[in-house]
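Below are two complexes that have subunit A in common, paired first with subunit B and then with subunit C.
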Partner chain A sequence: MRRFWPLIVLALGGLFWWGMQRPDMNALPSVLIGRPAPDFTLPVMFPYRASWGQSFQLSKHLGKKPVIVNIWASWCKPACYDEAPHLQAAWQEYQDRVLFIVIDAQEQDGLTFIRLFGLAFPQVFDPLGTVGVDYGMYGVPETLLINREDRVAGRHADPLDPAGFDKLIQKVL
Partner chain B sequence: MIQVTVFFQAGFKMAERKTTPRDSLVSWLPRAAAIAVGVVALLFSGALAQASVGPPPDLSPEVFQIAKTLRCPVCQGESAAESNSGVATEMRRIIAEQLAQGKTAGEIRQFFVARYGDWILYEPPKRGLTLWVWFSPLVGLGVLALVLWRYLAAARSRSVGADNVSTEELERAEASLSSKTEDQ
Partner chain C sequence: MSAGLLGGVSLLASLFFSVLGLAFSGLAYRFRDTRYLEAAKRAAPLVFAGLAAAFLALEWALITHDFSVKYVALHHSVKDPLWVTLVTPWAALEGSILLWATLQSLYTWLVSRAAGKQLDVWRAPIALATLFGIQVFFVSVMVFMVNPFTAVAQPPLDGNGPNPLLQNHWMMAVHPVLMYLGFVGLSVPFAYAVSSMVVRRYQSWVHETRFWTLVAWGFLTAAIFAGGWWSYEVLGWGGYWAFDPVENASIIPWFLATAFLHTVQVQERRGLFKAWNFSFITLAFAATVFGTFLTRSGVIQSVHAFASGPIGVVFLGFLLLVLIVGFGLLSKVSAELKDAGEIRFNSREGALLGGALLFGTFAFVILVGTLWPLVVEAASGAKVSVGAPFFFQVSIPLGVALLLLMGAGPVLPWRNAGTQVRRNLFYMGLSLGLGTGAGLALGLSLGVSLALGLFLYNLAAVALMFSQGIAERGTSLKISALQAFLELAATNKRRFGSHVVHVGVALAGLAIAVSQTYRIESEKTLRLSEVWNVAGLEVRLLPLTLQEESNRQAIIAPLKVRSTSRLSWGAGGSYQPRLNFYPSSRTPLAAPHVRYSLFNDYYFVLQEFDRDKGAWATIRLIVTPMVLWLWISGALIALGTLYLLLPNAAGFKKGATAPSA
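Right after this comes the complex of A and B.
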């Protein structure tokens, strides 16, 4: 029996090593990667209606330039609060090349949040959370990337920092 | 509220009709009854109003049976049936909607697998890499049985070895032991 111990230790060690090989624990694998981005039509939040209309339909904007879909909620502290300034900075840097659309689940608190961070990109309101389910959302904040071919090209759970936004967006530029 | 007012008015009219100077206690009874009926009607109408603005009626048990087999994606160790998070609530709503459309439990589970992968299922599918999850208890039992069998076989062979000692060898051993005892 003793001669099997090295094999058992090797097998367990191999399993441990394999488990540690995930390069980024937050880059959760998504089954949607490479698949067509699920369409949605959601009401635009009040401050953005003058520029974007009453509702936003994703499919009308696909194919022109890559899209960043960021899902957040104003109750998600501190993660969403940490990410918001970086999201605004990323929009300022990439707004000509990438469309940013942000989905919030709580409109009333969301407006306070938007004012707090001066978020300039369009925000929509998903009262039921249907879009979150359609995109296989694990939590907030979560950022999805859609390429010019209308397919999901990337997903990141947890807040992104400036380098994270750059890395994600560079995949499709 | 209209009903409540009508109850009160009817009660007071009854009281007016029945009041006599002879018996003030009896004269107050219809009025008290009218007030009681009015209060009950008020409470009842309040309860009805509450029910109309409250949460929708409970979903069917079938919804929860399916939700129980799905993880709540934003929770720690809770199924979509147990959690009150927004995502779990929406998952239950989607399940109810799809059941109403005539979809089977398997089709509904597949809907969520298409969005979250097999991870969303509490029971991993019996195929591919996840097969080891189903077979590992059997493999574990097999290894345990093997170890036990080898241990018992070794113990049995030791016991059989002791039985095979010849009488001469036993006598020699006893003599050796007794001589050692005498020397001491």
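Right after this comes the complex of A and C.
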């Protein structure tokens, strides 16, 4: 035992270190990856109606450029609040090449959140949570990536940081 | 001065004094100069004062709704009731580390008062350096990584409040504090052990730390029972233990500390098992850090987990450091720790070692079960889960073996077993056989019959020891049996306290076996006024009501229950299971209505209801026998531990003059 304890400590340390370095501990396999993205039509939040109309239908925007669908909730603290500035930054960087669409459950709470973070990309709301069901959502925030071929290309069930957004978006650029 | 500023400054001050305390302790050891030791001792209350001020500043920020503090903005709401506000400091990562550090500094201060007196000047610098080192770690984590006083640039007008699960039952005010008191308390015997190994004085620390270990063990035990009770009352599944990774992480240090409490008696009495004791206390303290690492690293998914972040890496480093220090020192001095005496299997020390090994095995298999999914994922990439069935399978034989040894151990004398002991063991074996046989004759399952037999076996052990002690004292001093009992109880509190703890554990074993075996569960969707005949009850649903409370809305499904069988006597009356809706949570939380009785618990949960017209509700009924006895056994163990601690105040002082080996 006298000789072996350093090995045991080292093995435990290595195991835990590896456990923490897993790229995405919350990664859940999605049957949707590689399949056509389910369509949805949702009401657009008030500040974005001038540019995007009363409602947003996903299928009308597919095929032109890749789409990031981010699902969040204003009650989801701190994860969604941590992610919001990075989402805004990713939009600023990729807005010409990628369409961003963000879905919240409630319009009123969502508007407060938008005012707080000054989010500039289109936002829609989904009071019944049907998109979450169609996409087999795990929890908020969750980000889905749809490629130019209208297929789901990636999924991340956790707040993304700038590097995470880059890595995800680079898959389809 | 704002609460945030006061808290931030207090944290910096406590970090400064912790580093100072660590430096002075190091200098005291290096130069063998008691003036440095005195200086280190003076730093300890200052660190405590700083951290207590920071803790109170956080409470102040919460009470005054100071949303400029990020922690308050994220975990507090103006709508929270006062008790929820007061317990919010341990509702999230930053505040829980602050609570941990504050309790750690309290223990360090109390230990520092013994330095130079009971804790001699050779070992005191190292023991204090260890405790200050632990403190430097926790305060640094707060100052540099998860500061509870980080400011918000644009404070919101209101926040979301803490996790709804924490608001759903008052037990949340108690369970985490007890757990931290237990976890942190184990740092004291660990610090004494480190100092004893550095200075190479291997005997006296076991007397001196007995009080601290028992305090920590008592808090840990109380915390585990409180957590079980919270789970039973809040989570709505009618159970009290699920072998969740973090529940496991709380029971592993408990098993190791229990093992230590048993082997330490052999060292106190006969000077044996020195290496075992150093190993057990190092492992027990490391296990507390492991539990903290699990909850804060996200390495394993659990309902208890806080948000994961970079803090996991530093806790991993700290865990490895504790193991390296403990086992590094032990391997350095192990040649000097060889046991000189003989140990017979059928003696008290044999039973104590056997018990400790069983506790150690228990801790090991639970650790393996907890880490197995991670090991498999590392080896093959597959995601597996190890569920409750595995843990139950390994727990049953180990539990039975422990209950057997628990009865026999105290009956066996030190060194050798004599004729009277054999007679006692015969009577105990008879109780075991009769209890098990009676259970089987009554049609109980084998497991429950065995649990009944083991309970009677342990009761018989305690009764035999009491009666023989009373008879001997009564005859020799010519006093009545009652007087002999009272005198024995007053003069030998250590023995009597441990008997009470053992009876509590045996009762817990029986309560767990019965409640796990004879549980009835049924569910039905009832329309208003519809009658449901179930488990000897007639259940009628009354109109649903909506209750507005400051921090939540509740839907209550009042039930009128009539008992229709002799077995369910006492279960009649009205029940009000409810669903609580918190603004920060999409899914409502069920608050079961439980009626406890000495036989069965009747546990009604509102599962779902008609959201349009309130015309129906889905009700779940869980009838579990003997759960109340589990909580009674927890109270017995706590009382027994308190009783054990009473003479320790005197024993603690006596230990000051004990020669060190």
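The rule is short, and it goes like this: the second predicted complex is superposed on the first by the 150 of 173 C-alpha atoms of A that agree within 3 Å, B and C clash if a C-alpha of one lies under 4 Å from a C-alpha of the other, contacts with A are read in each partner's own complex, and residues count from 1 in each chain.
By our rule, contacts are C-beta pairs under 8 Å (C-beta built on N, C-alpha and C of every residue); 3 or more make two chains touch, one makes a residue touch a chain.
As the structure is a prediction and not an experimental result, all values here were calculated from the model.
Q: First (subunit B), second (subunit C), both or neither: which does A:16 touch?
A: The second partner, subunit C, only.
Q: Answer with first, second, both or neither: which of subunit B and subunit C does A:162 touch in the superposed model?
A: neither
Q: Considering only touches as defined above, state whether A:79 meets subunit B (first), subunit C (second), both or neither.
A: In the superposed model, A:79 contacts subunit C only, not subunit B.
Q: Tell me which partner touches more residues of subunit A in the superposed arrangement, subunit B or subunit C.
A: C
Q: Is A:32 in contact with subunit B, with subunit C, with both, or with neither (first, second, both, neither)?
A: So A:32 only meets subunit B here.
Q: One more residue to check, A:133. First (subunit B), second (subunit C), both or neither?
A: first
Q: On subunit A, which stretch or stretches are contacted by subunit B in one complex as well as by subunit C in the other?
A: Subunit A residues touching both partners: 105.
Q: Which residues, counting only subunit A, touch subunit B once they are in their complex?
A: Spelled out, the residues of subunit A in touch with subunit B are 1, 29-32, 105, 128-130, 132-139.
Q: Applying the document's contact rule, which stretches of subunit C touch subunit A when the two form their complex?
A: Subunit C residues touching subunit A: 74, 154, 156, 159-160, 293, 297-301, 307-308, 312-313, 316, 319-320, 323-324, 327, 331, 334, 371, 374-375, 377-378, 583-586.
Q: For the complex, which residues does subunit B have touching subunit A?
A: Interface residues on subunit B, with respect to subunit A: 73-74, 86-87, 89-91, 93-94, 112-117, 147, 150.
Q: Which of the residues in subunit A come into contact with subunit C in the complex?
A: So the residues of subunit A touching subunit C come out as 2, 5-6, 9, 12-13, 15-20, 22, 25-26, 73, 75, 77-79, 81, 105, 116.
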